[in-house]
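Two complexes come next, and they have one chain in common, subunit A, joined by subunit B in the first and subunit C in the second.
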Partner chain A sequence: MSLSAPHDPQAAPDAGTTRRSFLRTSAVLATGLAAVAASLKPLFEMEDIPSAEQFMQKYYKELTPADMAKVLQRIEREVEKQYGVRPHVRDLKPLDGVEFAYALNLSRCIGCRKCVHACVAENNQSRNPEIQYIRVLKLPHGTFDLEKSDHNYAPDQVPEKGFFTMPVQCQQCHNPPCVKVCPVHATWQETDGITVIDYDWCIGCRYCEAACPYWARRFNFTKPSIPADRLNPEMAYLGNRPRKKGVMEKCHFCIQRTRAGRYPACLEVCPTGSRKFGNVLDPNSEISQILRTKRVFMQLKEDVGTNPRFYYYFDV
Partner chain B sequence: MAHAQHAAAPAILQEVKPAVVPRAVLVQNNRSFAWITDKICGIIEGKTPTWWWVCFIVACFVASFTVAGITYLVATGVGVWGHRSPVNWGWPIVNFVFWIGIGHAGTLISAILCLLRQKWRTSINRAAEAMTIFAVVCAGIFPVFHVGRVWYAWFLFPLPNSNLIWQNFRSPLEWDVFAVSTYGTVSVLFWYVGLIPDLAVLRDRFYATGNKTRSFLYGLFAMGWRGSNRHWSNYEMAYLILAGIATPLVLSVHTIVSFDFAVSLIPGWHTTIFPPYFVAGAIFSGFGMVLTLMLPLRAIYHLEDLITQYHIDCMCKITLATGTMVGYAYAMEFFIAWYSANPYEGFTFINRAFGPYAWAYWIMITCNVVTPQLFWFKRVRTNTTLVWVLSIFVNVGMWFERFVIICTSLTRDFLPSSWGYFSPTIVDIFTFFGTFGVFSVLFLLFIRFLPIMPMAEIKAVTQQADVHSGSDHH
Partner chain C sequence: MHANNRTPLVLTLLAVVFVGLAAAFYSDSWGYPPPRAAIPLVDKALLDTATVRRSYADLIRAKEDLSDFDCYGCHDKKQPPPLRYDENQKLIVPPEHSDVVMGHGSHGRNNNCFNCHNENNLTTLQPRDGRELKLENSTQLCGSCHGPTYRDWDSGAHGRTNGYWNTKLGPALKKDCVNCHNPHSPRFPGRKPAPGPHTLHPSDTADRAAEAESPSTH
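The block that comes next holds the complex of A and B.
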């Protein structure tokens, strides 16, 4: 390209640095840097920066038993430091020949919400802000139009005449949309059907929450807080160990109990026996019998194709 | 021989005497090559204008809002933003889609219009590409910082970390990572390659005036450009190849951004119309922003000879076309919701238009569908002030489009127990407001230090560069 080089000194009158321009530039830069430094101050007061050990931790499925032992010890140390309680953290693997399912008897549920609170106590959910895994919907008799449901009901006494109640929690879908959308594989389905979250791998993008049609997932938008004397020290890595700020959590069928042969906390506390849980691969289990013989009328939101492991049934 | 044939034109033409429609002149007043060089380089070489300093300081101040907001967010938790369950994606994703949409005009102008030989792109493509890159920068801030633990955001990249864990390639969020980073990279490359001959011009001019530092710096980035025939032929081939690579990206980026929603189950998101609708909307918003930026530049630097009324006309027409497509998509969403007989979809769309966010919905309709229709009128297109105001409407409307899509669907999904209402916090507002500062800081630096128009390309579309110049009338 032809270059029309101007030899006109007027074209660039401020070539070179003068004292004035130097001072002015320095003043602007200094003010700018001071402002940036001031605004970065909160970063240096952060408490929950992960330790190098945690930061370099391998992906759950790649951890050898020895690695896992170290990780569990680290978690125990951290929990003890934060809460003053020495927990017992285990990494429980799915049992062979077991696939869990849950059945809830809508004829019996009275909507007392004891399951909600037992779950919070068992699974070390944050008390402030309040995080709960189970949401109980109150519906008028004669309809399953969920638009008519109310989850903020507060009568003096339950059950209320003319209404029935329907607790909703993680449905542990056969085809979980939340697992598909997690960009980093921080959530997956185990062989016993439980969809778990690795709280050390979750980056907190909340796509799983957007994907879940049941609103089963709960996010720690801020630092969770649990009174030290309310901490449940019997913990599992993929289960109820305390979560950090910025990670997702949800119902995991009380993995720390159910994989050790116990019932979930919500089931144990239920005063009406509405909640049934067990191994569907065992034809003689209670859950298998219920699914075979009772009026299992629905999986919630069947039409979205998630195929839940959580069934609602009637007695009659 | 050819001339003789031409002279013996079919008799029918002699008879009907078709009107000769003069082609629009892309550089007015028959400006010389030297004038173009002086004009564009003059913006960089002249003394820094006072308005620039005022704008720059204000922009820095505004940008500090984002820095402060993000710092507070990282230190405290993403809960300082207004998103709460069930609206777990609030403004950050709205702002992300808004900015990435704005970034669409750049590649459209540089790649697609280049391949289609739309010569009017020459005077706006440089600034539009710069705008694209800066918009992608602003867009990138939000998805990165909206994650709960930003210090683990690098898990999203397939880095050879000690874990050697592949990302989940089924996740649309992961597609986003690749779509946006590819788009950013190709846009920067395209912009930079286009800049090379102009950087060489600046190198030589600063050398001639004795400013060795700037001459060296421009020379460094001009990579030894001498303007030889060989350089030009390689350059033009490289530019063409990049245009070819960038063309599918214009369509892919926003398609993939729309997949974030379209692939999910949520009513109002789960729809196949999203990709084309998002792409049309993105080009619409991109041209809105190009107009918003270029019209003041044109007035300040008296660039009327280079950005002519014809250029503004073209941009207005594209805005009108894409705005109408967006309007069609809005209508089609309603039609499909009704036609599919899906009760959730039906509810969602009625709720959008008449529910708690009806105000946002109707702002969106007004700004995106109604006001752009004014561009049908030549009197509107020639009134630059009005065009500028309407372009701002486009920006506002497109922000609200994303807000409506994200918030109405998340506040009313499958279960009433997960129904809510989203309100932004002051940190939300400051952080978003601050990104305009970030964008302005970058754009101001661009107009101060880099040629805002591709000199060589503009020279190629002048009348004197056209071997057939003036032959239209014969």
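The block that comes next holds the complex of A and C.
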């Protein structure tokens, strides 16, 4: 209305709204509103608008068992609505007297990348754009200089003469830098050693991605695309339930399997038996035997002080 | 007075700009990235956790047809089958056993069937210490020569175990030597690796493919 208000009282003796000023003002207002509405269009196209329930959800550590039951039901409902598959979502807690560790035999790994794809299938990772927790590095014999590594190798046959391969994934550090930098405590280390992420609490600032010395964390730049027939319905809250756009994810030692006593998916699919997993607190477990008796190239990037729970070892 | 005359002009121009903006937003003229290149889904065979081979013990467990292991269906029980060698002292594998590839060790000296099979009872195995072993206990035969590997396998450092790490919650399925290794030619064959990571930008992928085509010298 200020536009129609006379600027100069002397120039508008009747001081009312003339037909001309009314039309002019309404035309300007209408185009202005149309432009504002048009510029908000991307907001209305958002696919991932959180439901009120999800938006108001409390922090994982503050949820009572009753709250959690409701949350799991909500997730099951939402997944079923989106993929047409009724999942089984659980909130598995760390087992008493269990601390996980992983060992990988560098003498046996042939670099076939089966672990990469078994992980994608098990953990409901986005297929396009691709999110993969495991990166297999090909390195020439005689060096651990990661600058010399190649992850895009595609020969007809592996292993290649003169090279070895080293799969790298989240190292589940004792002293995880990703946890320290999270401004909202959406990622933390559990008592069994797994560093987990609450996907409903993550704000997507990607500080953790920058802090990780192992490039282990992945960001969902878009809504993940997973074909419904490839969805793994056996899910865990802190594990492989489908993520949304704008949150971080990473390897969690297949929490939905390992906390139920099973081996991780990458281990089960490895054709050479290079991957070993278990409870280090049990002195008779496979993993304890390996750490005790094998030549362990301690941990990747030992010098940065993260103290990983992921060990690389050699035969002989 | 001059400024007042210019007001309608400015307003008209502004209106035109707004209308233009509105039209641009509605027609998605910018801000939308080009569509991503399709990434083919991986072959489900790559996700298979089964071992390459099945052991005799697996066949017994699955109650399968074991007629292939009925040695005395063809062989004579009274005398050990004769072995024939060519002029280079290489074993001639008879056509009945053409599926057997003799390639145990790169030295070529392990070319005698009865280094492992028992010539007096073909349905059993016999390590050099004279023990008689059933076919399903072949790991002990392997261990009679490959001591350190057997020790590692026994402790879990070598070989595959599927199932449960926590045996209170379920069984750990420890695989035998022959689940992965062909006893007649145990060296692990090479295989084609599964597809590597795809980039968001197809041009990068194309460059990489071109690079892979050209003979690399690194």
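The criterion applied here is as follows: the second predicted complex is superposed on the first by the 282 of 316 C-alpha atoms of A that agree within 3 Å, B and C clash if a C-alpha of one lies under 4 Å from a C-alpha of the other, contacts with A are read in each partner's own complex, and residues count from 1 in each chain.
The rule we apply is simple: a contact is a pair of C-beta atoms (placed from the backbone, for glycine too) under 8 Å apart; a residue touches a chain by one contact, two chains touch by 3 or more.
The structure displayed is predicted, hence computed values, not measured ones.
Chemist: Is A:205 touching anything from subunit B or subunit C once the two structures are fitted on A? First, second, both or neither.
Modeler: The answer is first: A:205 touches subunit B but not subunit C.
Chemist: Touching A:218 in the superposition: subunit B (first), subunit C (second), both, neither?
Modeler: first
Chemist: Thinking of the overlay built on chain A, is A:66 touched by subunit B (first), by subunit C (second), by both, or by neither?
Modeler: neither
Chemist: Quick check on the superposed pair: does A:272 touch subunit B, subunit C, both, or neither? Answer first, second, both or neither.
Modeler: In the superposition, A:272 touches subunit C alone.
Chemist: Contacts for A:228 in the overlay, against subunit B (first) and subunit C (second): which applies, first, second, both or neither?
Modeler: Touch partners of A:228: none, neither subunit B nor subunit C.
Chemist: Which of the two partners, first being subunit B and second being subunit C, lies in contact with A:52: first, second, both, or neither?
Modeler: neither
Chemist: Report for A:261: first if it touches subunit B alone, second if subunit C alone, otherwise both or neither.
Modeler: So A:261 only meets subunit C here.
Chemist: Is A:42 touching anything from subunit B or subunit C once the two structures are fitted on A? First, second, both or neither.
Modeler: So A:42 meets both subunit B and subunit C here.
Chemist: If you stack the two complexes on chain A, which partner ends up touching A:183: first (subunit B), second (subunit C), both, or neither?
Modeler: After superposition on chain A, A:183 lies in contact with subunit B alone.
Chemist: Across the two complexes, find the residues of subunit A that touch subunit B and also touch subunit C.
Modeler: Residues 3, 7, 11, 28, 32, 35, 39, 41-42, 129, 135, 151, which sit in both footprints.
Chemist: Write out the stretch or stretches of subunit C touching subunit A in their complex.
Modeler: By the definition above, subunit C touches subunit A via 4, 8, 11, 14-15, 18-19, 21-22, 24-26, 31, 36, 38-39, 41-42, 46-49, 51-52, 148, 152, 155-166, 168-170, 175, 180, 188, 190-198, 200, 208, 212.
Chemist: Mind listing the subunit A positions that touch subunit C in their complex?
Modeler: It comes out as residues 3, 7-8, 11, 24, 27-28, 31-32, 34-35, 37-39, 41-42, 95, 98, 105, 108, 110-114, 116-118, 120-121, 127-130, 132, 135-136, 151-159, 227, 230, 258, 260-263, 268-273, 276-279, 285-286, 289-290, 293-294, 313, 315-316.
Chemist: Of all residues in subunit B, which touch subunit A in the complex?
Modeler: 33-34, 37-38, 42, 45-48, 57, 60, 64, 67-68, 71-72, 74-80, 83-86, 88-89, 143, 146-149, 151-153, 155-156, 162-163, 165-168, 170-174, 177, 197, 201, 204-206, 208-211, 227, 260, 263-266, 347, 410, 413-418, 455-456, 459
Chemist: Considering only the defined contacts, which subunit A positions touch subunit B in the complex?
Modeler: On the subunit A side, the touching residues are 1-7, 9, 11-16, 28, 32, 35-36, 39-43, 45-46, 49-50, 55-56, 58-59, 62, 129, 135, 137, 146-147, 149-151, 168, 177, 180-185, 201-207, 209-211, 213-215, 218-223, 244-248, 301, 304.
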